[in-house]
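In this document, chain identifiers A, B and C correspond to the written order of the chains, with residue numbering beginning at 1 in each.
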Amino acid sequence: MNSGRTKVFRISDIWIAAQKSSMFNAVIIVLVLLTIMLVLKPNYLSGENVYQLTKVLTVTALIGFSQMICIASGGLNVSVGATGALCAILAGGSMDALNMGAPLALVIGLLGGAACGLINGLLIFRAGGVGVAFFLTTLATMSVFQGINYTITSGSPFYGIKPGFLAIGDTKLLGLPSSFFIMLAVAFFLVFMFRKMIIGRQILAFGANSKSSELYGVSKFKVVVISSVIAGILAAIAGMMALIRIEAAQPSMGSDWMLLSFAATLIGGTRLTGGKVNVMGVIVGATALTIINNALIHLKVDVYWKALIYGLVILLACTMDRLRYVRK
Amino acid sequence: MSKRITKAIVIAAIIGIVQPLVVFAAGGSDQGKAKAATQSQAPGKMVEKYPVIAYGPITGKTAADYKFGFSFGGIASYADPCPGMADLAASELGIPKITVQTPQNWIQNEQNQKLDGLIASGMKGIFMMPSEPTAGNAQISKMVSAGIPVVCMGGPPELPSKTVLTLATEARQAAYDGTVALIQAMGEKGNLVALIPMLNDTNTQKRLTGIKDAIAKYPNVKLLQSIADMENTENAMTQLGDLLAARGKEIDGIMAAGYTAAATCATFMMKPEYAHIKSVGFDTDEKVMTAIKAGKMTGTMSQNPWGQAYISMYTLKMLVDGWKYKAGQPEVINSGSFLITTANVDKYEQMIKDETFKIMATWTDRFDPPVKM
Amino acid sequence: MDRIKKLLRNDLTSVLLPLFVLFIVLVTTSNGFLSAYNITSLLEQITIFVLIGMAQMMVLSLGQFNLALGSMGCLSAISMGFSMQVLGLPVPAAMVIGLAIAALLGWIQGLLIARSGINPFMITLALISVFYGIAAALTQGKAYDRLPATIQKINLLKFGPVPATFLASLIVCALVYFLFRYLDIGKRLLAVGENPLAALFTGIDVKKTITTGHMVSGLLCGIAAIIQISKFGSAQISIGNDWMLTSFVVTVLGGTLLSGGKVSAVGTLLGSFLMMFINNLLVLWGVNAYIFQTILGLVLLGAFEVDRARLSIIKRQMVPTNQESTEGNGDE
């Protein structure tokens, strides 16, 4: 870097740098939303509100991370919700039905995520490894995981969650839930992985152009399987944080996650074509979605408008992204 | 060529081996079950509890004519007591046990496939809760036209319907009673929040009406806000959490008029910061019962899935025997709702079953007996 | 010619064989399978499967997905319900409106995909919510259930146990087959699906082809919506919520290549039968409802295996001079 020279940060420099960042749109959306809400409800950012919002956005962000890795490697994963739900059930079930302690349940949940990810990875690799194969394989595994989920639970939730487990995510630190810090830790790991670790760079290269990266020696098998396993573990973490949030292991968890996973990632600036990710963007995207949902409740908007609003927000984010791309 | 033949043989072999195993696991073949039922029958014998109803198949019919199927609208804990009570009724009536086929999701197309499958495998009577009250009617009409009597429970299909009758909770009354109990626990003053399931469901609309009617009777009680769409647990937790975070201090009472709504409410009521809020729920989810026992929730309005299953089985048996539902009788029969509080929380199941048997005591009066040959 | 015949025969075998075996198993192990009631029920359900399978197939030929076909059917159904119940229009007029709206929705999707430059997957994903959201906001969740009796009569029209709607779906199937086999638009769709860049260089208007493909897909959803309303006797926003997964299963089972460039209308028809037989089998055997979902997923995975095998057979059978054209498969 430039040694000995002090950098003068002009406002215009910051503005130009900010605009270049792919999560610029997301930040704008969040700021606009926050402004609107603060005007309507001056105490919108009260301690309790923030705590509650953060709990929800943490889960959404983790869901987004899981999808982000799949997109980075060039694929689209619709089984994120089913994986998360299954791992939550495994963790919850081990505490409720098998009376295991919280740490063991946590491990079981994570292993479940890794196993689902491994299954996904191997099947996807077998089916070709990119694009279509990813989507359709995960469509099938989604059904399988959901089925296993319902078979284990017979449709009833597990309520016997050990308090120690809940404390993992529900302890108040600095006014925010501990799950938020877990999510941040995951985020930093992902940033590190994609910037400094070889496998991270390989995943990105593979996602950007699978053929040429293979010519350069990137192993398709390694990339597909490892990214799937990590995605599975992330989905498991999301599932367990969701479990902590709702204090129950419900078989119906994860049913809304597919749309959220893509929305958070996309709004946050990750390119769907693969090869480029924006980890912090996912968090901002998740925040945007959480605030929108929250706003609908505060503004007493009929629930029937929710689907339309979500769809339009995604389209808006895509369009904004496209316009930026075109202007370049 | 040989590859294809090998494939065919392998597939056929697998199916040939797997199928008997699956059938065995599913509880024996149809013929086996029918034989077991006929053995315990004696001609001319009547049901012990209700001597006007014939025990076992009547003359001219076999046990196979009394195979009944049950399909709830979707996978839900509400229906957990149903198979047990239905089988109890079956043993009292001397007919085969029921077959259950419930769709995973509340999707009418899925339930239709299950129902059609039940009929194709020989069920001669169905009791069900339609997955969708409007769309379910076409399927009910189809089954009734094919000679299969249909009894509905849990919630009525959109009326008019070809179903013989529906056993359900009188939704408005149940919500009304629950809200009154809540308001009394609140000291007859304060702000009340209503949590309800899907607003487009007529059942839900009736519950909301009941809540509003109860509030109208107490001038010092105000309806602060009502939240609908409390069906999916994650979503319900978010909504209630958001509301409590925003206005928790203003709220004095919560009427959670739905299964998931009540369970969600129970989760929050266990937290110390909401100890000042009184609440009454619906149905008997484990979380709700725990909260009531711990004194964190005032009570819950239980419905009667026990009775709905038990009485439905009896009704189907009677219909197949030739009993006819009298012309002036109501299309929807109130199967009862019960306020469960800390006082009776340990014996509510027996209480509800007793109520069921009370309804059954005069049940046959609603029907014209079969024409004696 | 010979090689093509062999190919065709090879494809349909993977559907026909299990179909045949399942049929035998069902007939022998269940008394009620061949009853008029069951046959009618099966065919009624297959009708819808075939139509949504065709709708998905139209878009798969382009190498893309139509995730929003359920929502297209939903909004189309709502518009028909509105026309009949609120506007009081006669049934045929309402049907025309429904079909027009469905085609319009498909056209919108195609237009967005072709011209906006946004990723097609995201567009169709977002449109699931947008189209459904419009329907939900319009109806506020209420169903249109006071429809004229004629609409239900369509469903009740039967020739023996065979519903008239099933025959209608067969006609649609034949038309789609005809479209892909003989019509210019069919060839263009397949060309774009096989390799969009190459298609562009051969002078095909790729944008128009994509738009047309999605529009026809929407139209087919509209037909499915009509039949669904007729089956239910009512129009509500829950229509179409189970279409997406089924549409993929049915087309894949039937041999449509998931990577684009090859479709099989007959295969989709047979795939619908296969899926329905599997469903029926599981119910008739009294299989636990929870295992259903798992089995559906496993069936889909099995179908992919067969699809892969078929793809490798096709590649192996390619004449050496065509080696460059195998590039475009399965990478978008």
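Quick note on the criterion: a contact is a pair of C-beta atoms (placed from the backbone, for glycine too) under 8 Å apart; a residue touches a chain by one contact, two chains touch by 3 or more.
Not measured: the values here are computed from a predicted model.
Novice: Compute the centre of every chain as the mean of its C-alpha atoms, then state which one is farthest from the centre of subunit C.
Specialist: The chain lying farthest from subunit C is B.
Novice: Which chain pair is joined by more contacting C-beta pairs, B-C or A-B?
Specialist: Per the contact counts, B-C leads.
Novice: Between subunit A and subunit C, what's the gap in Å when you average each chain's C-alpha atoms?
Specialist: 31
Novice: Hey, how far is the Cα centre of subunit B from the one of subunit C, in Å?
Specialist: Going by mean C-alpha positions, subunit B sits 35 Å from subunit C.
Novice: Multi-chain contacts in subunit C: which residues touch at least two other chains?
Specialist: Residues 139-141, 288-290, 292-293 of subunit C each touch two or more of the other chains.
Novice: So which bits of subunit B are touching at least two other chains?
Specialist: 75, 104, 199
Novice: Mind pulling the subunit A residues that touch 2 or more other chains?
Specialist: Each of 150, 155 in subunit A touches at least two other chains.
Novice: Could you list, by residue number, the parts of subunit C that touch subunit A in their complex?
Specialist: Against subunit A, subunit C makes touches at 65, 116-119, 121-123, 125-134, 136-137, 139-141, 245, 248, 252, 258-259, 288-298, 300-301, 304, 308, 330-332.
Novice: Which residues, counting only subunit C, touch subunit B once they are in their complex?
Specialist: 13, 17-18, 21-22, 25, 29-33, 35, 37-38, 41-42, 45, 48, 139-143, 145, 152, 155, 231-234, 236, 238, 241-242, 279-280, 283-290, 292-293
Novice: For the complex, give me every residue of subunit A touching subunit B.
Specialist: Interface residues on subunit A, with respect to subunit B: 41, 46, 48-49, 51-53, 55-56, 150, 155-157, 159, 242, 245-248, 250-253, 255-256, 293-294, 297-298, 300, 303.
Novice: Hey, which residues of subunit A end up touching subunit C in the complex?
Specialist: For subunit A paired with subunit C, touching residues are 76, 123, 126-128, 130-133, 135-137, 139-148, 150-151, 154-155, 210-211, 259, 262, 266, 272-273, 302, 304-312, 314-315, 318-319, 321-322, 325-326.
Novice: Can you name the residues of subunit B that touch subunit C in the complex?
Specialist: Against subunit C, the touching part of subunit B is residues 4, 7-8, 11-12, 15, 19, 22-23, 26-27, 30, 75, 99, 101-105, 107-110, 112-114, 116-122, 132, 134-135, 137-138, 141, 146, 158, 198-200.
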